[in-house]
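Got a structure for you, written out below as structure tokens; questions coming shortly.
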Amino acid sequence: MDKTISCLKAAVADIPDKARLMIGGFGGSGAPIELIHALIDRFRATGSPKDLTVINNNAGNGSVGIAAMIKAGMVRKMICSFPRSSNAEAFNEKYLAGEIELELVPQGTLAERIRAAGAGIPAFYTPTSFGTELADGKPTEEFDGKLYVRERWLRADYAIIKAQLGDALGNLTYRLAGRNFNPLMAMAANRSIAQVSNLVDLGSIDPEVVVTPGIFVDGIVEVPHPRQEEALVRAGVVY
Amino acid sequence: MDKTISCLKAAVADIPDKARLMIGGFGGSGAPIELIHALIDRFRATGSPKDLTVINNNAGNGSVGIAAMIKAGMVRKMICSFPRSSNAEAFNEKYLAGEIELELVPQGTLAERIRAAGAGIPAFYTPTSFGTELADGKPTEEFDGKLYVRERWLRADYAIIKAQLGDALGNLTYRLAGRNFNPLMAMAANRSIAQVSNLVDLGSIDPEVVVTPGIFVDGIVEVPHPRQEEALVRAGVVY
Amino acid sequence: MIERKLSNAQIAWRAAQDIEHGAYVNLGIGFPEMIAKFQPEGRDVIYHTENGVLGFGGAPKEGEEDWDLINAGKKAITLEPGASFFHHADSFCMVRGGHLDLAVLGAYQVAQNGDLANWSVGTRGVPAVGGAMDLVHGAKRVAVVTDHVTKDGKPKLVEACTFPLTGVGCVTRIYSSLAVIDIIDDRFVLREKLPGMSIDDLQAVTGAPLHIEGDPLDLLVPALD
Amino acid sequence: MIERKLSNAQIAWRAAQDIEHGAYVNLGIGFPEMIAKFQPEGRDVIYHTENGVLGFGGAPKEGEEDWDLINAGKKAITLEPGASFFHHADSFCMVRGGHLDLAVLGAYQVAQNGDLANWSVGTRGVPAVGGAMDLVHGAKRVAVVTDHVTKDGKPKLVEACTFPLTGVGCVTRIYSSLAVIDIIDDRFVLREKLPGMSIDDLQAVTGAPLHIEGDPLDLLVPALD
């Protein structure tokens, strides 16, 4: 079996309008910038995919990556924990103009909801957000004298993620803190596409150090020497 | 900071009577046999710890490890998924004589309940066991047209686990399928003690390949050339 | 009256033919494990075991076992290229989370609505469940391999299970010693039967109605003994 | 009337003195991060950041940043020996699961029952919460570093928060620009105050009663500017 996809264009060709799309990374760390830009290229060429719901910790920075998707008008809704950051004008402007929806989720709850989707756990209880407005309307329950909020899993149609090493079966490792949401999103989407910096021979990743087993990955595309989103933002790159 | 403990005897010295004790391993794979035997030594010398509730996937095999604990009379209750296996006479006899309690938990639910304890998730929903007698008395709920059972976290006072490499901060790696429940139990107990085959210098485990970060580990004791439980059982060893 | 039936090896062979190239598969302890031996040439199948291994292969040579490298049945295994290790919670994410293409289990009874009983016959003794109750949920297909009847000739395919359930409405296909049967909308739908056995004879040893949708195919397997 | 108050650096210094050898600590984005600079000699403190790093150190030299190695505030960091990487769900297991010894956050308001408001002032604009609502749960101690009053002189230590809450009953200690205050049984208990400031003067700028259990100590910090 070989999950390798020959090019970025083919890797994102199937993502439809209105898809729920998870995008890995935390800020620029671990962000699959080449896959995102391939998706923007497709939108510019064809008008699709549009009306996307994007799930990411943030809401884009500068004029590359998710920020460029938002500027291009592909995103209908963001589900994230921290859209307000420096250089987040792309989201801010659309949001304040009422042109983009926002579902704000505490960061740990966001991670756990994504993991729950991958784990077949439809709901769980967390102390996080109890008694706050982010828990409004959610069921609550007392366990052992403490109060908790019930949260639902967060599933997606597609995930695009960034990894370091990958093999043809989709086994992945990550780079430094670029791991973050990437392994979770791989589990939680119906179809997960990973860009890897190095596509290596089957058997050359030690089974002990695989972070994402290939069962969670559907497609893999090699992007040697990937660009780093934060470095692009700092360089003022506009995509 | 140095979490190293000088000897096995000291590593298990604090575990009190009536403790809820998680023991890593799946059958003999990854079983911390030297820590278990140190605990038996202490019981034989002092009469403590007794009335233990032991949490493990199985209920011991042959006449070593958990089976030897049961034979010695230290265990009041087992929480496990699969007590019935070849060479499980120690548990079987006590159970059929009504001298030991059993809480039977489906294997995936057992793993998830332990993980939930480590994760601060007091309860979660799973499809597993819905409609079966193992769900009797448990709350159920429908999500998206499917029915689920609510399960509680499973915490412990102590965990004793087996790892491969360890450093003074408690960072751990495992060996082959010996990983199994060990990383989960490290998270779920108030105090987690790991035996490691090789205690290595701080900084010599690549941060990318740490499986259990040291925050989950309270004590670490080096046991070079540890024995393998299954091999002991097959050799007919009696402890 | 049963004149001829498939051996366990032949049932396993038949089940193996339906496993697609690239499938992620969990084979239950015991009889279902035999399916791996009959994996058709040219198809890559990636086997999962509950205790935290993906991509394992057959048993090592005797004397070369490493007892830290075992499957859920506690048997020594080997690794294929592209294998990975993970802890038990991640392992059951794969199971419960819908990531396996197929789980195959044994059965005491299967009901026409897909209920499965395979962990306890409800008698005294030491109960044990292992991963069975998890495996019946999440896999895209949940199949059973089983003799068509019990040792004393009673149907194992029944209207409603009388033994304690493993899971509710979970089985989608049965490979028995006499037939291949799908479970669709709470009914047994006959897909294949042994050549020479009449539908009436098959029905006589089946505890719930067999539905026919198009002619059943002949259940043809090689001699394997 | 406030004649003298601690700088942020001095508040951070004071908070740092309470961190024990071997503690696992998460410092919130911004002001709380400054605490790491004042870690007393000889104490090992292991810093956690939500985005999946344990055991990180200070910033790298300018020009040597690797932007895949950042903290939750998106600042470039370095690693200490014994560091580890993990994914976001495991990272918040550490937070929610009670594994951190201490989390230190900033505050808009802290109420006498330990309620914290630090993520939103409820006005128009883009809301953002990050990991704050998680960090206030699970750590063995949750402390706040803050100016004692707002820029226009209103109390930040209040009877009940008027801004949207981050968490309910979660704060256990406040390091302010004027005092160190514990929260015990829904009351502010004064532990330390600036020498020369009377309890009455401190009470006048505090929005809820200060309780005295034994003489408050002098809040002494070095000049750091």
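When the chains are written out, they are named A, B, C and D in that same order, and each has its own residue count from 1.
Convention: a contact is a pair of C-beta atoms (placed from the backbone, for glycine too) under 8 Å apart; a residue touches a chain by one contact, two chains touch by 3 or more.
Please read all numbers here as calculations on a predicted model, not as lab measurements.
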**OP:** If every step must land on a chain the current one touches, say how few steps get you from chain C to chain D.
**Re:** 2
**OP:** State, to the nearest whole Å, the distance from the C-alpha centre of chain A to the C-alpha centre of chain C.
**Re:** 36
Subject >> Centre-to-centre distance between chain C and chain B (centres being mean Cα positions), rounded to whole Å >> reply: 30
**OP:** Please set out, as single numbers or ranges, the residues of chain B touching at least two other chains.
**Re:** 112, 115, 119-121, 126-127, 174-176, 208
Original post:
On chain D, where are the residues touching two or more other chains?
Top reply: 85-86, 89, 92, 95-96, 137-138
**OP:** Once you've mapped the touching chain pairs, tell me: line, ring, star, complete or other?
**Re:** other
**OP:** Write out all the pairs of touching chains, ordered by chain label.
**Re:** A-B, A-C, A-D, B-C, B-D
Subject >> Residues of chain C touching chain B in the complex >> reply: 49-53, 66-70, 74, 85-89, 91-92, 95-96, 115, 124-134, 137-138, 164-168
Subject >> Contacting residues of chain A [partner chain D, same complex] >> reply: 26-30, 57, 81-85, 88, 91-92, 95-96, 102, 104-112, 114-115, 126-134, 147, 174-184, 211, 228-231
Original post:
Which residues of chain D touch chain B in their complex?
Top reply: 21-22, 24, 44, 46, 48, 54-55, 79, 81-86, 89-90, 92-100, 137-138
**OP:** Could you please specify the touching residues of chain A with respect to chain C in the complex?
**Re:** 1, 115, 117-121, 167-169, 171, 187, 202-203, 205, 207-208, 210, 213-216
**OP:** Enumerate the contact residues on chain A facing chain B in the complex.
**Re:** 112, 116, 119-127, 141, 143-144, 146, 148, 152, 173-174, 176, 208-209
